[in-house]
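Both complexes below contain subunit A, partnered by subunit B and then by subunit C.
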Partner chain A sequence: MTELTSKQYICIVVFIFFTSKLVTMPSLVFSTANNDAIISVLINTLIELITISLCTLVIIRNPKTTLFDILKRKIGILAYLVIGLLIIFLLARILYCFQELYSFFLETLYDDLNPYIFIFSALCVCLFFAFKKATVIGRTCEILLWFILIGTVLSLLSNLEYASFTQNMPYLENGLSPTLSGCKDAMFLFGTPTCLLLLTGKVKPNHHLFKNTLVVTSICVVFCVVACFIFYATFGNSMQYVLFSLSEYSQYDPYILELQRLIWMSAVIDISKLFCSTCCLMYLLKAALVDSFRFKSLVLPLLTMSAVIIIVGILTRFDTIFWFDLTKSYLSYFTIALILICQIICLVLSIRRKDDKTIN
Partner chain B sequence: MHVEDIKQKLKQSFDNATDLVFKKVTTKSKQIVVLVWIENIVDQQLLAQNIIAPLQKLDSKDCDIKEVLQNEIISFGKVSTSNSLEEIESKLLEGFCIIFNENMEQFIVAECAKWIVRLPNEPPTSAVLEGPREGFVEDIISNTTLLRRRLKTKHLKIEDMTIGNETNSSVKLIYLNNVADPKLVQNVKEQLNNIVIDGVVDSHYLVEFLTNKQQQIFKQIGSTEKPDIATAKILEGRIAILCDGSPIALTVPYILLEDLQSSNDYYTTTTRATIMRYLRLFAGIIAILLPGLYIALLSYHLKTIPIKLLITITNSIQGIPLPPFLEVLFIIFLFEILYEASLRMPRYVGLALSVVGALILGDTAVKAGLVSPPAVLIVAITGVMSYTLPEQISQISFLRIVFTFLGGLLGLYGIIIGGIFLIGYLVSLDSFGVPYLAPFAPYISSDQKDGLTRSSLAKMKNRPSSIPNINKKRQ
Partner chain C sequence: MTKQLIKKWATILIIGFLVLLAIETINMPGQNSVRAICTGLSIDYEDLEYSVSAQIIIPEAGGEYSQKTVIVNNKAQSIEEALHNMEFQIGKKIRLGHCGFIILSKDFCENNITKELDYFLRGNNLGNNTLLLYTDLKAQKVLEKTSNINSNEVDNLQITSKYNQQHLLSKSSSLMSFFNDYLSPHKTSCMPNITLEEEAEKKNSSNSQSGAGEKNNSEPTKDSIKNDGSMAVFVNGKCSKVLSPSECENFQWFDPKLTETRLKIENINNDKIKNGTISFTLSHRCINFEYKVLHNQPIITINYNLGLKPESITSESHIVPTYSSFVDDVVTNLVSNKINQAVSNALSLMQQYEMDLFNFYHQFNLNCHSNWQEYLSNLLPIEHYLDKIKIITNVYCSDEF
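Showing the complex of A and B:
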C-alpha cells in the first residue's frame, strides 16, 4: 500500500495548516496590522481554506495521475514553470521552518545551539522522511496529531485567565489598510497548502474526503483564529515583540512564574509540530522532483537541495529579523502570485467533464 | 530383495553408525525377517512386544508376512510400504522401524518413534495469574496436539514441510482455512520453501528468513510459548509456525500492539486490562526516554526543573567525578552486564548475582561517590519498567542507550529528533504487508476495541481488520 488514505491526507492537511501558524505568525501580523491583526488572520485563513478545498478537489478528481502529468497534458512545457515555482516555495518554506525551529530553541530551551549541528541533524531526520513512501509521512502525522492537538489546546488554556479580551479594541480604527497590509505581509505563512497539489495521484480518496477535509479545515480555521485572539488578548501591544508567541507565555507574564518550568512542554509540542511539518514539506519537495524530473536516484537531487538549505541557512545564520523582513517583502509577493496561479490551475483541473467517471 | 545387500547399503549410507540396529527375527515357520531401526529414538519395548514377539510366534509357512505384518501384527502408529532406499533412510531418522525379508518386494515402514518429551509445564517467560498454564514443549507432535485440543474444527489446517539439509526439521504451518487470507498463507509458504539452510535448531532460525529486511531493531515475527495465545492469534487470522525441537510457536503477521496485549488481559476485567495496557505503554516510553531526559534536563535545561527537585539533585550529584551523561551511561552499562550475566549464570548463582549487583554494587558505588543516587534510581526505574514489555526488552535497552546519547549530546533537541525518527521508523515497518503500528497508524477505528482499550469479548463481533482475513465475522 503506497497510497495515502483519506484520514492520513486530512492529518497532513492539518499539519500543513498549522505549520508556523501558532509560532511566529501572530506576532508577524500584529507588527503590521496592530489591533486589526485578528481580521487579517481571519481573511488569510479563509483564503487558505479555499486553497485547501480546491487542492482536495483536484486530488479527488485525479487519483491516479500526478500533478506534473496533468499539467504537462494541459499546459505543456509550462508545467515545469509551475513545478519550479512550487519547488522554490517549498525550499523557502523549509528554510523558514528551520529558522523558526532554531530561533525557537534559542528562545526557549537553549542558551546556545551550534547552527551547524542543528541544521545537519534536522536535515537528517527530514531526509529520512523524504526517502520514504507517502504512507510513512501520513502515518507519522496520524500518530503525532493527537499529542500535538491536545498539547496546543492545553498551552492555550493555561494562559486564558490572564487574557484581556477588550484591550485590542476598537477594530478597523484606521480603515481597511492595516488589515490588508497584515494579510499581504503574512501571506508567505499562509501559502503552504498550495503544495498539497503535489499529493495529486498519491491519495486514495473515499467518498467523504472533500466533505471531511472541508469540515476539518474549517475547525482548524476557527482554532487558529481563536488561538490568535487569545494571544492578542494576552500580550496586547507587546505582541509585536513576542516572536515565538506560544512558548513565551511564561517569559512575558510575571503572574505565571510557575509555568516557566513547564515551558519545555509547550516547546516540545511546538518543536515536534514544526519538525513534522518540515518533514511533510521535505517529502513534498521530493515528490515534486520525482514526479517532474523522473530522477532514477533521489540521492543527488535531494542532497543538492539539502546543500542549498544548508548554505542559505548558514549564510543567513537563521536570523529572525532577516527572515521577517524577507517574509514581508519578496516572499509575500511571490506567495500571492503562486496562490493565484495554483487556484486558477485548481479551478481548471477540477472542472468535471461529462465523460469523467472519477470518484465524487 | 537381497537382505545382505540392503544391509550393506544401509550400513554404508549411515557410515557404519553404531546406533543403527539390525535384528534378524526367526519365525516359528523358520522364515527370517529383518528389522532395522535407530537405537534410542524408537520405543524398543513397543517393538519387542508388538512386532518382534508376534513375529516369533508366527508359524504359518504359506502366509504373506507383509500382509500379516500390515494387517494383523502392527496395530499402532502409521504403517506404510516403500521400495525406495532413500525414503527408508529418512524414515529411519524419523524414528520408524523398517521391516523386510528375502521374499518381500517392498519395505514395511512402521512408526515407533519415542522422543524424550517434557511435560507441557507453564513457560517461565509467560506466567499468568489466572488462565491456562500449559506451555509448548520441544516435541512438535505434542504442540500440534495442544493446538488441536483448543481448535476442534475441521477448518484447522496443518501443513507439513521439512527444512534443513542436515537436520531435516519438521515444520508445521497451522491456520484456519476459513479465516486466514490465502494470499498470506501462500506468501508464508513460499518464504518457508525458499529457505536453504543446513539446519534449523530452533524456530528462531526461521525468523531471519521470514523477515524482509535483515537489520531490524524491532522484531517482525511474533512468538509465543503458550498454546492459548497461539490459538487466539490463529482465530484472528494469523498463521502459526511450529518447528520440531522448539517450544516457541511463531506467528505472522506481527504488530507492535501484540506486545502491549497480554494473555492476562483476557482473563481479567476489561477495565483492569485497559489500565494495564496504558500502564505498559507508559512504562515502555519511560523506560526508553527517562535516562535521556534526565541527562538532557540536567545538562542543558536546568531552568525547567522545579527548584526543590533541582536542589535535591544538585546536592546528590555534588562531588561525583563523572558528568551526568557518563554517570548514567556507566550505570546503564553495569545494568546491562548484570542482566546478561544473570541470564547465563546457573539459576542459584544468578539469584545471588542479582542481589550482589543490585544491593552491593549499587550501594557501594553510591557510597564510594562514583555515582549519584538519582542516576542509580533513574536506571533502576527504567530497568524495572522495561520488563512490562518482556518481548521488547532488547529493543528497549538499545533505544534507551540511543536516547541517552542523544540527550547527552543534544539535549531535548536530540530527544525530539530521536522521537520523530523512531516514530517514522516504526511506521515504515510492516510484517507480511501489515503496518507495524496498526491499528493506530493507519488508524482503524473498528480495531480499537482490542487496541489500547479492551472492550468485552461480546462486543468484539468482528475479527481485527489490521490482520488480513477472509472471514470478518467472529460472532
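Showing the complex of A and C:
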C-alpha cells in the first residue's frame, strides 16, 4: 500500500483545512452573522480542529487498515452508508470548489469562459492526481505549501492600514442567534476534514504525528481567524459584496492600481490553493471508491464520478447564488450530520484497547 | 484488453477535444476587436436622464496616450442602460476591469447615489478599488480633460487622492469604502472634489480687476485637473456638503491616522520671539479619544500629544538660533486655542449637516453602550445624535528636532 509520510499528511491537512477558507467563506458567514461573523468562524474552526485531531488519532491507531475495512468489521453493512455519505459530501465539495474556481476565473482572468472548456480542463488536472499514488499529491502539497503561505501572508499585510479593528464591535449585540446561524450556514465549508478519515491506512505515522498535526492545525485556526478578522475589519459592512476575500482584499487600496504585481500574486495563490485542495479531494474520492467497492480498474468509476460532476456543474452553470443557497440549506444540515457521525466513529475507533495490536 | 481499449478511447477523446478547441480558438476574433477597455467613467444627471461617458482605450502600436483614448457618451434612464446603448454605439462590449475612477457630477449626487452605484458592485468586472470623485462641473467635461493630457491622468488622480488621504482626511474614497460607510450607522462618506485648472483661473480673473481679467483670458489655459484639497461629504448616499480646504484642515484634529500635518501659530510673544509667527510640522502626532455619556450628554475628551518641529519663523526680534526650544506655556496656549477653535468649528459643521465623519456613533456605542442607547432612545429623530455632543480637548506640546 502506498504510504504518505507524516510530513506529507500534515501538508494535505493544511490544504484540506484551507479549502474555500480565504475565498468565499468569510463573505458567506458575514451574510448571516453580520458583525458576529468572526465568532462563528472561530467556533467552526475549533470544531474543525477537533475533527482533524480525532481523524488523526484514527489514522495513527490504524496504520495498516483502511477505513472501510475497520467499519465493516465494527458495524457491518452500515459501513457502505458511511462511505456513501462521505462520497456524496466529497462530490458536493468538489463541485463547490469548481464553482469557486469558475467564478474566480471570470472575475479575474477571463471576460467570458465557456463552462465546458473550464470543467474539462479542471477535471483533467484533478483526475491526473486521482490516478496517481498518494505520495504525488502529498509531494505537490509539500512543494506548494510555502509558496502559498508566504504569498498569503504578504497579501494579508498589503492593506492593513485600512483595517479598523473595532468596526465590528460590540460583538453579540443581538444575542447568540446570528452567531449560531452563521455557524450553521457555513458548516458545509468547515466539514471537509471529515474526509481525512479516508486516508486511514495510507499514512506512515511517526511518533510525533498527532502532536505535530495538532500544533499545525492550531496555527491554521489562528491564521484563519486572524485573516477573517482582517477582512471584516477592512471591508466592514460591505463584506457581503466581497466574493473572493483574499484577492479582493489585495485590491482594496485604489492607489496601488498600477502596481498590479500584488493583485496577480494573490490571484495565482488563490488559484493554486483551490486547485491543490480540489486535487486532494479528488484523490480522497478515489480512495473512497477503491477501498470500499474494490474496483479492478479505476477508469470507469472515476469517469462516472466525473460525468456526475460535469452534468451537475453544467446544469447549475456554476451559479454562485445557487451554490450559496444550497450551502446554507440542505448541505449545511447534511454536513452537521456527517460531522457528528464521523466524530462518533472516530471516538469509537480511537479508543485504545488492551488487546489492540495495531497501535503504532 | 478492456483497460487498454478504454485508455485508447480516452486519449482519442482528449486529442479530439483539443483539436476542436484549437479550431474554435483560431476562428475567434481578437479580444481587442470585440471588447472596449474602459479606463474611466463619468456620470451626469440631465433632464431626468443619466448621461454616462466612458473613456475608452483604442489599442494601437506607438503614438501618444491622448491618441489612444476616445470618449463615448450616452443618455438613458439608468446607468446600465446607458452603458448597454454605448456598446451598440461602438460595436464592442464595454469592459470595466481597468476602470480606475468614476467622476460624479453635482446634479447626479443630489439624490441617493447608492441605488445607481449598486450596479457596479454586481458582477460587471469593475474592481471594488475604483476611485470615486466628485465635481461641481459637468463630469463629462472633466473626463474629457483627462483624455487630453499627454500623461496617464488615472495615475495622477490616484496620487493626488492618496496625498489628500495622508495629509488631510484619512478616508478612503474607493467604491467599496463608500458602501462600507453607507451601510454603517453613521452613513457618512467622502470623496475628493476635483475641478479644472482653467476653471480656477477663470474664477480668479473674475474676482480681479477687469484689465487683469482680459490679460488672463488671452493666456492659454492649462488643461489639467486641480486638486485643492476640498472634499465632498455624503450623508445617506447624497452629497451634503463640499468642505473647503480650510474646513478640511479643521477636521484633521479628529483624525489620528494622518501621518504629517502643518500648524501655523501667529502673534507669539515670549522671551525669544516678539510678535512672531511660526509654522510647525507635526512630525509626532498622538491623538487619544475618550468617550462617555454623562447625564444624557455625550462627551468626547480628546488628548493631543504633539511634537512641534518649527519650519519657518518670522519675528520682529533678533534671529532665533536653530536648535533652541520654542515650546513654552505661551506657545502651548496658542496651540491649544487654535485646536479648540478648529475642533469647535468642525463640530458645528458636523452638527449642522449631520455628518458623522469620524464614526462617533460607533465609538459611543462601543465604549458606553447602555448609556448611549439610553441617550438615543430619548432622541427624536435619531439622526440628530450629534447635536448634544460636547468636546473637551487637552493639548500637550513638546519640541521635536
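As a working rule, the second predicted complex is superposed on the first by the 343 of 360 C-alpha atoms of A that agree within 3 Å, B and C clash if a C-alpha of one lies under 4 Å from a C-alpha of the other, contacts with A are read in each partner's own complex, and residues count from 1 in each chain.
As a working rule, a residue touches a chain if its C-beta (ideal position, glycine included) is under 8 Å from a C-beta of that chain, and two chains touch if they have at least 3 such contacts.
In this text the structure is predicted, and so the values were computed from the model without any measurement.
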Partner chain in contact with A:Leu91 - subunit B first, subunit C second, else both or neither: neither
Partner chain(s) touched by A:Ser297 [first = subunit B, second = subunit C, both, neither]: second
Subunit B versus subunit C as contact partner of A:Phe105, first or second or both or neither: first
Contacts of A:Ile117 with subunit B and subunit C, given as first, second, both or neither: both
Touched partner set for A:Phe128, first subunit B, second subunit C, both or neither: first
Between subunit B and subunit C, more extensive residue contact with subunit A: B
Partner chain(s) touched by A:Met169 [first = subunit B, second = subunit C, both, neither]: second
Residues on subunit A lying within both footprints (that of subunit B and that of subunit C): 117, 124
Subunit A-touching residues of subunit C, taken from the complex the two chains share: 2-3, 6-7, 10, 14, 17, 21, 31, 35, 93, 95, 97, 100, 121, 125, 127-131, 154-155, 158-159, 161-162, 172-174, 176-177, 179-180, 183-184, 257, 359, 362-363, 365-366, 369
In the complex with subunit C, residue positions of subunit A that touch it: 107, 111, 117, 120, 124, 161-162, 166-167, 169-170, 235-238, 241-242, 248, 251-255, 257-258, 297, 299-300, 303
Subunit B-facing residues of subunit A, complex: 1, 5, 7-8, 105, 109-110, 113, 117-118, 121-122, 124-125, 128-129, 132-133, 135-136, 138-140, 142-144, 260-264, 267-268, 271-272, 275-276, 279
Residues on subunit B engaged by subunit A in the complex (per definition of touch): 297, 300-301, 303-306, 410-414, 416-417, 419-421, 423-425, 427-428, 433, 435, 437, 440-443
